[in-house]
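Given below, in the form of C-alpha cells, are the structures.
Two complexes follow with chain A in common, the first pairing it with chain B and the second with chain C.
Right, the complex of A and B next:
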C-alpha cells in the first residue's frame, strides 16, 4: 500500500504544472482562438458565413502579429523568454519571433491567394481555412521548439492538415494522388526521423536540444550511433524541404494540389522544414559538424544541381516551380554546411538562411500569385500558356519577370541578396570544400537562368495563341493585393537589402553559452 | 551650385534615367509622342548634368576621385553607397551620356518590330542607369549590382526587337555574362574576407571592406600569392566574358547580329567597355601581383583575339556580323594595351575604349540604316551605296577608315600606342614575349585594313545589284540620322587630331592605379622591377604587413 501511495505521489508530482509565460505564448494562443473561431462560425452561420470566412482568417492572422510585435518591443531579441518554467524546451527569442512573423505573413498571403480560388471552385471553405490555420500553428510552434518531442509535435501539427489540404480538390484524381504521395512520403520521413531521435535520446539521455549538444560533443560519446542518429534526422527533414534525392514527391504533389496550397507548401512548409533543421543544427547538433557538414554538403550539391537540371526540362509551370524550389532549397542547405566552422560563421550562416527564407517567400509567393491570376484565363499551367502574356496582360508579364529574375538572383531584385548572403557564408568559412560548393552554386545560378529566362522570354518574345481570349484580364482584388505586397517586397529587398537584414541579422538560436567554444 | 553638384551630381546623373523610366511606365502605351519626349528629355537632362560635372571637374587632380559620396547601404556586410569619378571613368561616363540620347533620336525614325516605343525606350533608360552606375561605383557590391542591371534590358532589347534568331542570341548573351559575373562575385567576396582594409592608404574603417578606394591602395597586399591568383582568375573570367576576350567571345557575334540597331550601338559603344573598365579599375589596381602573373595569358588571348577576329571578319557574308567580329579584334588591341601593365599601355586602352565606342557605334548605325533600306546585310547582294546614297556611302567609308586606324582619326590613338606599349611592357614582364605579341598585333592591323576595305568595296563601291537598282526605298541619310550621327563623326575627327583631350584626363588616374601601395602610404614600384626582384618586392610588402594567408 505504501508503495502505491508513493507511486501516486510521484505521479502527482510529475503533473505539477510548470509556471507558464503567457505573453511568450500569446501568438500561438491568438492563432488557436482564430482557428477555433473560423470553425465555430461555420457551425453557427452555415452557408451565410462562407463569404466572410476568408476575411476572418486573414484579419485573424494579422491579429497574431500584435503579440509578436509586443514581444519584440519587450526585447526578447536580447533577452529570450522560456515559455515553460525556464527550461530550454520552448524558447521565444529574436530568431523565433522573426520566423513566426514570416510564417504569419506567408499564411496571410496564402489566404489572399485562396479567397477567390476556393470560393469559385466551390470547395469546403471554412474547413479549408481552419486546416490552413492549424498548419500555421504548427509552424509557429516549430520556430520555438528546442526539444525533440516539441519539434516532432510541431512537425505533425503542420503536416497533417497539409496532407488534407493537398487533396482538397477531392473529385480530381491528380489532387488525390498529390495528397496520398505527400502523406506516404511524409510518414516515411517521420518514421526515419523518430528512429534517429530515439538513437540520440539513447546516447544523450535527454530530449532537450541544448543537452543533446553537450552530450554528443563529448569525446566518449559513440560516434557511430550519433552519426546514424543525426543523419537519419537530417534525412527526415530532407524530405520536408524536398532535398534531392528525397524530392520525388514534390512535383506530383505540387501539380495536383490546389495552387494556393502549392504555394503554401512550396514556401511555408519548406520554410518550416528549414527552421526545424536550423533549430537542430544550431542548438542540438552544433558540436558535431564532422557529421552534419558532409551530409549537408552532399545534399546541397545534389539538390542545387539536380533540381536545376531537371527544371530545365519541365513543360508544366507548376512542376517547373517545384524543381526551381528544390534548387533554391539547395542554396539554403549550402549555407548550413558551414554552420559548425566557428561561432561567427554560425552567425553568418543562420542569418543567410533566414534572409534567404524571407526573400524566397516574397518572390516565390509572388510568382505563384501571378500563375493563379493567369491560369484564371488560360485554365492551363503549361509553360506554353504564358506565350505572349506581355501582349494581353503587360502588367502581369512585367511583374512575373520581376519575380523570375529575382528567383534567378539577378540584381537589383531581392533574389540576388539571398544568393549573395549564401556566398558570403560559404566564403567566410575559408575552407576548400566551401569554396568548391560556392563554385558549384555559381554554376547553378547560370543553369537556373536557363529556365527562368526561357519562361520570361516566352512571355515577351512569343505571340499569344490565337484561340486565347486576349482582352484585358480582370484580377480579383485579393489576388492583386497579394501580387502588390510580394512585388514591393521583392524589389525593396533587392534595392535596399538592409530592409531584410534588419530582421534576419539575428543571434544564432543557440544557448549562447553552448556556442562559444 | 558647386556644392550641390559635388554632393548630388553623380547620384542624379545616374538615377535620372531610372526616374524617366518610372514616369514612362505610368503613361499609357498609345501616347507615343509623350514617351519619346520623356525618354529624350531625361537623357538630355542627364547629359546636361554630365556637362556640368565636366565643368566642375578638377583637372589638376584628375587622378583623384571627385564628387565622392559615401553613405551607408547594407551595413551587415559593410557595403556602402560610394560613388566617385576620376579621369579614368569620366570619359566613359560622358561617352555613355552622349551615346544614349543619340540612340534615342535615331530610334524615333527606326522603331524595329514589334514597335512598342514605350517598352523599348523604358528599357534603354534602365540600361543607361546600369551603365552609368557601373562607371561611378566605388564599392564592389554597388558595382556588381549596376553591372548586372545592364543585363536584363539588353536581354529584352535583343529578345523582343531582334532578328530571326533573337531568342537564341539573347539567352546566349545572358548566360555567358551571368556565368562570368557569378565567378566575379565570388572573387569579390574572397577579397572582402581576405583583404585588410585598415592597412590601405585610403584606409577603410574595418578589416573586411568592399570599398574600392581601400582595396586599390594596398588593402589586398596581405593576401597570399596563390589566393591572389585564384581571385584574379575569377575576375578575369567575369570581365573577360564581357570584353569579350577570345575564347569567351562567341556570344558577341550572335548578340550583335540579332540585336536591333540601337542595341548593337549601345552594346558596342558602352557595354563591352564595362569589361575592360573592370580590368583597369578593379582587377589590376587591386591585385597587381596576380595581374603580373596573368599578364602573359591576357596578352596571348588578346593577340589571338586580334588575329581570330580579323580572320573571322574575312569569312563573313553578313555586314553586321563582320562589324561584330571586328569588335573582337579591336577589343584585342585594348586588352593588349592593358596586358602591358604600363601607364602608356593602359592609357592607350582607355583611349581605345572610347574610340572603339564611337567608331564601331557609327558602323553599326550605318549597317542598321542600310538594313532598313535594303532589308538585307548580305554583302553579296549589296553594292553601289555610293551611287544610291552617296552621303551614307562616304560616312561608311569614313567610319571604316577610322576603324582601321588611319592616323588623324580616333581609331589610330587606340591602336597605335597599344602596339607601341607592347614593345616595352612593365619590367616585371618578359619584353621578348610582348615584342612577339607586338609583331602579331601589327599584322592584325594589316588584316583590319583588309577586311574593312573589303567591306566598303563590297557594299559601297560598284553598281547596285539588279535587285535594288530601282528600289524606291533606298534613299540617302535622313534628318534623324544626321542628328544622331554628326556628333559621332565630329568626335572621331576631334579626338583624332587632339588625343590629349582624353590622355590628359586618363593619365594621372592610370598612373595612380598602377602604383603599388605599401604600408603607411609608401609606394613601391614592384611592377617596374625585373621578374624575380618584382616578385620579391611583393613578398616583402606582404611580410611587412605581417600576414600571409
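Right, the complex of A and C next:
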C-alpha cells in the first residue's frame, strides 16, 4: 500500500501541469460540451430527442461564437495568447480566431442544410450531429495548432468523423464507396504526411513549428532530408485540399455522400486543409521557400488547369461542383506559392487565402443549399434536372445564378474580390514565375465561365422536362435560412469587400515576420 | 548510436507499405500496408528521439509515436467497420469491384 502511495506521489512530483489559459480554450471546451450533450441526449431521450437534436446542435454552435467574441474584445489580435504555459504550441491570435469563427459558421449552415435532409431520410440523427460537431472541434484545434503533434491530432479529429459521415447511408452502395475512397485516400495521405513529419522532427529535434523553422533554415545541412520531409507533408495536405494529382477521390466521394456532408467536405474540410498548410508554411517551413514554393507552384498550376478542364465535361452537378472546387483550391494554392518572398508578401498572401476561404465558403455553401432544395423535387443531380428551373422555381434560379456568377468571379459578386486578392498577392511578389502563374490563373478564370455559364443558361432558357411536377416548390424553413444567409453574404462581400478584409486582413501567424533577413 | 540502420529499416518498411497501398486489391491488405507505413514512422520517431537525447535535445519523439499508435487504432477501427459494411452489401472486399462512381 505504501509503495502504491509513493508510486502515485512520484508522478505527482514528476508532472507539473503548465498553467492553462482557460479563456483561450473556451471555444473548444464549449464545443466539446455541446457535442457531448447532443450525444448523451440521444441516450436519455431516445426517439423523443430526434426532433430537437438539430436545434441543440445549431444553438450550441452559435454559443461557441460567444467565447470567440469575448476573446476578440479582449484584444487577442494584437496580443496573442498561448494556451499552455506560454509555449508556442497552441496559439490563439487574430488569425486563428477569424478561422475559428469561419468554421463555426460553416458548421451552422451545414446543420441548417442537414435538418430536413437527415430527418426525412430515416438516418441516425443524433449520432450524425455528434459526429459533425466533433469534426468541427478538430477544425477549431487546427486553427490554433502550431506543433506537429497537435496538427496531426487535429487532422485526425476532423477526418475520422468525416469518413463516417461520408458513409452515413450505410445500405447504399454509392455511399459505401464514397466513404471507402475518402477513407483510404485520407489515411494514406496522413501516413505520407507523418513520414515527412518524422523526418523533419529528426532534423530539427523538435515538434514545435517555430523551432523547426529556426532549425531547418538555409544554413542547415542535410538538405535532402529536409526537402523530402517538406514535400511529403505538402503532399499529405494536397490530398486533403484535393489538389491535382491527388484529387481523384473528391468527385466520387462528393457524389456518393449525403449532400449536406458533401457541402461540409467541400467547404469545411477543404478550409481546414488550407489552414493546416498555412500554419505549416508560415510558421514551420517559412525559411525554406526554395523547397515549398516550386512544389506549390506545380500543384497550383495543375490544380487550376485540370480542375477546370475536367469540369467542362461533367454532366452531374455534384461532380461539376467537385471539380469547380478543385479549381478554386488551385487559386488558393497559387496565393500560397509567393508566401516566402518577403514578410510583406507573406502578409498579402495569408490575407488573400483567408479572404478566399471566407468568400468561397459563402458562395459554395449557397450553391449546395440550392442543389439540395432542387433535388428534393427532381431527385437527381444531373445537369439536365436543372433545365427550365426558372419556370417552376424562379427564386431558386435567380439565387443559383448569383452563386454561379460569384463562383465564376464576375463583379460585383463576392467571387471577384476573392480572385482579385489572389492576383494582387501574385503580382506584388514581382517575380517571373508568379507572373506566369497569374497568367495561368487568368486563362483559367475564362475557362470557368464555360461551365458556370452553360449551367446558368440551361436554367433560364431550356424547357423543364415534361415528366417533372412544375407546381411551385416549397423549400423548408431551415434550408431557406441557409440560402438567405449565404446569398446576403455573397452579395455583400462583392459590393463591399471591406466587410471581408476587416476580418481577413490579419497579422501573418508568427515566425514569418520575425525571421526576415 | 547506430541511427542509420534504424532509418534504413524504416525506409524499407515505408516503401513496402506504399507499394502495398498502390498495388493490393484487397481492402484489408491495403489497411495493413498503411499500418506498415505508420510503423515506419514510429521507428523513425523513436530512433530520432533516442539519437537526439544523446545529443542533449528535447525528447518528444516517443510521445509523438504514442499518439500515432493511439490514433491509428481509432482509424483502423473506422476502416474495418467500413470494410465490413461493404462486405455485407456486396459479399466482396475487392477494391477493383467498388467502381459505381466514375466520370
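Please note the rule applied: the second predicted complex is superposed on the first by the 496 of 517 C-alpha atoms of A that agree within 3 Å, B and C clash if a C-alpha of one lies under 4 Å from a C-alpha of the other, contacts with A are read in each partner's own complex, and residues count from 1 in each chain.
The criterion applied here is as follows: contacts are C-beta pairs under 8 Å (C-beta built on N, C-alpha and C of every residue); 3 or more make two chains touch, one makes a residue touch a chain.
All of these numbers come straight from a predicted model, not from anything done at the bench.
> When both complexes are superposed, which of chain B and chain C contacts more residues belonging to chain A?
With both complexes superposed on chain A, more residues of chain A are touched by C.
> Touch check for A:153: first (chain B), second (chain C), both, or neither?
Second partner only, chain C.
> Look at A:164 in the shared chain and tell me whether it touches chain B only, chain C only, both, or neither; answer first, second, both or neither.
second
> Touching A:449, do we find chain B (first), chain C (second), both, or neither?
Once the two structures are laid over each other on A, A:449 reaches chain B alone.
> For A:264, select first, second, both or neither according to whether it touches chain B, chain C, the two together, or no partner.
So A:264 meets neither chain B nor chain C here.
> Looking at A:198 after the superposition, I want to know if it touches chain B, chain C, both of them or none. Which is it: first, second, both, neither?
A:198: touches chain C, not chain B.
> Note which residues of chain B are touching chain A in the complex, please.
Those residues of chain B that touch chain A are 29, 72-77, 141, 144-145, 148-149, 151-152, 155-156, 159-160, 166-167, 170-171, 174-175, 178-179, 182-183, 185-186, 189-190, 192-194.
> Applying the document's contact rule, which stretches of chain C touch chain A when the two form their complex?
That would be residues 7, 10, 14, 17-18, 21, 27, 30-31, 34, 37-38, 40-41, 44-45, 47-48, 51-52, 55, 57-58, 60-61, 63-64, 67-68, 71, 74-75, 78-79, 82-83, 85-86, 89-90, 95, 98-103 of chain C.
> What part of chain A is in contact with chain C in the complex they form?
148-149, 152-153, 156, 160, 163-164, 167, 170-171, 173-174, 176-181, 183-184, 187-188, 190-192, 194-195, 197-199, 201-202, 205-207, 251-252, 255-256, 314-316, 319
> Taking the touch rule as given, give the residues of chain A at its contact with chain B in the complex, in rising order.
351, 394, 405, 410-412, 416-417, 420-421, 423-424, 427-428, 430, 438-439, 442-443, 445-446, 449-450, 453-454, 457, 460-461, 496-498, 501, 505
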